[in-house]
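The next part holds the structures, each set out as structure tokens.
Shared between the two complexes below is chain A, which pairs with chain B and chain C, respectively.
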Partner chain A sequence: MAGGSGRPLTAGVRAERGRLLVSIAQLTPALAYFALFYVGPLLVLVYISFLTFRNFQFVEPLSFNNYANVVTSETFRVLFSRTVLLSLLSAVLAIAIAYPFTYIITFVFPGRSRSLYFLILVALFGGYLVRIYAWRTILGVEGVINGTLMTLGVIEEPIREILNGPFAVVVSMVNFLVPLAVLPIYAAMQNVSPGVIEAARDLGSSRLQVTRRVILPLVLPGVLVAFAFCFIAAAGDFAIPALLGGVESPFIGNQIQFQIGQTSNWPLAAAMATTLIALVVLIVAGVALVARRVIR
Partner chain B sequence: MTTSSSATAIQFEGVNKFFGRFQAVKDLNLEIREGEFFSLLGPSGCGKTTSLRMLAGFEEADSGCILLRGSDVTSAPPNKRPVNMVFQHYELFPHMTVFGNVAYGLRLKKVRDPELSRRVQEMLRVVRVDGLEGRGARQLSGGQQQRVALARALVNRPAVLLLDEPLSALDVKLRKQMQIELKSIQHQLGTTFVYVTHDQEEALLMSDRIGIMNQGRLLQVGTPREIYGRPADAFVADFVGSLNAFDLRVDEVSGGRAVMRLADGEHVAVALEGAVAAPASTIRVAIRPERIRVTEAQAAGADTGAPGASRVGGVVTAVDYVGSLTTYRIETALGLIAAQEANDTLAPDLVVGDRVVLSWAPDAAFVLPPSIVEG
Partner chain C sequence: MTAAAASANVASAARPRRRPRVRNVGPRAFLVLLILFLFAPLFVVVLFSFNATASLSFPIPGFSLRWYDKVLDDREVVAALGRSAIAAFITGIAGGAIGILAALGIQGLPPRWKGAVQTVVLIPIATPALLLGIGIAIYFNRLGIKPPRLPMAIAGHVLLALPFVLLTMTAALERFRFSLLEAARDLGASRARAFWTITFPLVLPAVLGAALLAAAVSIDEFIIAFFNTGSDGTLPLVIYSRIRRVIDPGLNALATILLVATTLLAVLAARTTTARR
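What follows is the complex of A and B.
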């Protein structure tokens, strides 16, 4: 780049460039894979979102009509807000559970941390749908909670609102997200040297101050990754709201599924999906920015 | 050089420490004086770090007690003790700058800005890393990290500074330089230093007093001269510097000395200094290689040496030249003996096979007490 300006390249810059070329060469397979399976489909999605739906076909001309539809529709706005709010809540709760759990297995029982971590992984790969149905039986009218409360005489009629509503969605969503949050937080905590913690103690920090001033800032990147994982997974989910949310609390994902499956309006579905992706990216970036400010 | 004030900074009283069924520290009794540079020296695994960590509060003694300036800190948590530690691997906070690292302890003590900055800067000057305060802790060389770790601890003005092999990760040249600097910083600040090392030269060079440990037990405490010159047992003698040990048959005891007569008319003697030696018994005697003079056999006749000097003849079997010194290995009636000569203008020019006479002053050799610990 600077080669044409008349200044000869220093050996350092040339070495730097050489290394860059080498690393690009090494990355090529990964980049190709990424382009083919992620960027490609995404571009197709964005393209479709600008098409027009007419007589059950999507045709040119390209326009912003679908987006205008998404933004102005009251129904869609409610769907987007519910999706974002419940997903945010679930992600935050999942991290609130995953962080202390990971903290304890790493710093309180360092000897057992591997086996406990393995247990969490098993939970992660355990059947997703199976767990959702399990929540149906736990939260349902004849489920474990209502059953117990009735046996204890706390209530006489089963509480119907437990199932089929935002509560059931969040509970099950958090259950689904916790392992996702543990993974990056665990990795980040493994990188905190026990010696650094001892140094902080030695310099006068209480256990709480060590957590606040040393561990949290060092683990923050992992927590942010966990937040991104959880929030994205939650906002994109449609099975949990469909099976546990009842008619009252569908997510935007359910609407997308409906637009594709029932009305075949792919362009509108694509516009909704694109809007969701943009929204999620903005929120994750915003949260990361604020967190970095606050925790230093 | 010992401090004139005899105030006690640290006392270990009958301290024992177990890890499971393994006893890492055995009945440790030790007093460290205020303002002293004290080193714990011993081979790997002997319990030095464990002792230091009990002082810092990272390990708790299973029995016995530890007093810091007279108050019992045996089970006080690390943040409630007026001591600070320099770790072997520095353990700087990777997410903070040099300034942030050094200011860490002061901020916890609510020291506020004009004073905070002043004290941090002053300490960075003492350890000679001023100008680097804005650097991230990850962007420092090993030597710089070492200095920052030192500043981070010293800035809190601890009653005692604990150092666990702080120089072991540095290259030889930097290590030598830091040894001198550490010593001068200690002198300048007057802080009590407890220094853990397994490098005997380092301990001899830096310390006011040294405690030698082996297998969890403290074997001897003394000044470098005492430890080197009059080691308490064979282990200490061998660990601190190199050593010749041989059996001396007691042919005669006179004037507080045990004497062994050799076949060629020469004799070897050792000052008993309180040790008992019955005639016709055998005692173990030691002498440092550098205390032995090596003379060519022909030239030796005229040089009778000091009165009462020990003399023994032998044949050179190896010559190890290391620049400033040469070590000769000589086969004698007492066994194989190593003798060290400085390579100055008077150095004998010997080769393997030469006949030589070894001689040493009456006080050079000492009786070696049996080992306190087997091993």
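What follows is the complex of A and C.
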């Protein structure tokens, strides 16, 4: 751009600068909102996590005591590892379902991809708690599966193990995560041209090789975003383990809710939440790093 | 055409089509299974909400609307419905307004910044709702703002809705022909006139869709509402507090009402934002 003839250039630069100012003005409400209701609350949360809980008050001095408590407690360690393991499993399963779905609607039935994607959007925005309730209805002791099996005479006693355990938690978690995983993978898959796949096939690659060498490297960013969304949503959940996990499988979220609801120990809850987000970010970054190395 | 001829026609039409149908059996089965997995649980709830008895097993003995009667007579439910509607309405308006401005702003940014800003706006989706929920609760507490607490939940809902609003809005704006705007300006239209005759009608469906999407996010949201509204809860909170009690068939009706509200909003939103290209 440099060195053009004087006047039109300055006019252009001025117009560009004006456009930029308008853009910034238009972005201001969103940025202000973000600062007020996102950055502010999270900063306060981190601050609270360093306070001391005494006589149902949060008081200074600031210390790392809450974090020390979180890291050294055996109970909390069990909760953290269960949260991470079941969330990882759920996220991986959700992607394992969302990926072929996205592939199929993009390349096998491209004519119907719109309506099928539409269904996924509807599933995504429709009924988080209703879904949990539905799984309870289906898997419960007096639920649909047990009730129907007993009516049919297949079983005498209801099977108790299907609800209130890790199984029910993972099933309903995956059920809730699949649409969330489809979104970014679908967006990434739109960048893969069918021609590239055909070319690879014509050159003798197997279906597996095409996926591994052609499609996966191209959609990897989308898959990683999907993993982050799913893993984070699962690890921060407490309603699914509370309503479907029984007493055996609470997540760290349930403990956080307990500390706030029952003991009003906000500082400890804040420290647990901050530890959780740190752990989640580390794991997501680690997975992204490994995936980038392996898939290229 | 006689019946025999018609059936012969059908048979000959069906024969050549059989081969490709067989070829995609795997993908087809996968799609059917996935759709069942996603929607059958919801269908079960809807079905049992019309059950004439309180049992939760197949076969269903008969159908009735008694659970709806029961639920809609319930003051707690009606109050929660009202709060959910208020929250959804405000989230829709606020989310839509802030979102459209921001989307237009992103549109005008130099390409280098665009990507960065588009990533930053996704951050609320990538933050556990648990963190946002307790963060907002403690934040207002520290600011010294006490109940009514519904606005606190709404503040969180707008935050959660903004990324979705921005995603759909920026996608929609990419498709618009803003050259029309330049043409109008070149032909001497004022900035305001160009906005009202070109930008506004072009953008309006997307804005409506985005607002509906924001409302859908709000109506369905549970975790932030849980930590902020307390006993003056929205509809999902009433369901949560009742799930643990003994089997209550009224819950099926309640869940169906919530489901219909969210699905309706989501369908309308998805249609307005994905309909035209």
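Descriptive notes on the structure:
Heads up, the rule we're going with is that the second predicted complex is superposed on the first by the 249 of 296 C-alpha atoms of A that agree within 3 Å, B and C clash if a C-alpha of one lies under 4 Å from a C-alpha of the other, contacts with A are read in each partner's own complex, and residues count from 1 in each chain.
One rule holds for everything that comes next: a residue touches a chain if its C-beta (ideal position, glycine included) is under 8 Å from a C-beta of that chain, and two chains touch if they have at least 3 such contacts.
The structure presented is a predicted model; accordingly, all values stated were derived computationally and were not measured.
Once the two complexes are overlaid through chain A, chain B and chain C fit side by side, free of any clash as defined at the top of the document.
Put chain B and chain C next to each other and count what each touches on chain A; the higher total goes to C. In the overlay built on the shared chain, the residue A:Leu203 is in contact with chain B alone; chain C does not reach it. In the superposition on chain A, no contact is made by A:Thr211 with either chain B or chain C. Once the two complexes are overlaid on the shared chain, A:Gln190 sits clear of chain B and of chain C alike. In the superposed pair of complexes, A:Leu27 makes contact with chain C only, with no contact to chain B.
Look at A:Asn69: by the touch rule set out above, it reaches neither chain B nor chain C.
After superposing the two complexes on chain A, the shortest C-alpha to C-alpha distance between chain B and chain C comes to 12 Å.
Residues 193, 195-196, 198-206, 209, 213-214, 217-218, 296 of chain A touch chain B in their complex.
Taken in their complex, chain B has these residues touching chain A: 56-58, 77-79, 83-85, 87, 89, 91-95, 104-105, 108-109, 152-153, 156. On the chain C side of its complex with chain A, the touching residues are 24, 27, 30-31, 34-35, 37-39, 41-42, 44-45, 48, 55-59, 97-99, 101-102, 104-110, 117, 121, 123-132, 134-136, 138-139, 142, 155-156, 158-159, 162, 166, 213, 216-217, 220-223, 226-227, 236, 239-240, 243-244, 247, 251-252, 255-256, 258-259, 262-263, 265-267, 269-271, 274. Residues of chain A touching chain C in their complex: 19-20, 22-27, 29-30, 33-34, 37-38, 40-42, 44-45, 48, 97, 100-101, 104-105, 108-109, 114, 116-138, 140, 142-144, 146-148, 150-151, 175, 178-179, 228-229, 232-233, 235-239, 243, 253, 256-257, 260, 266, 269-270, 273, 276-277, 280.
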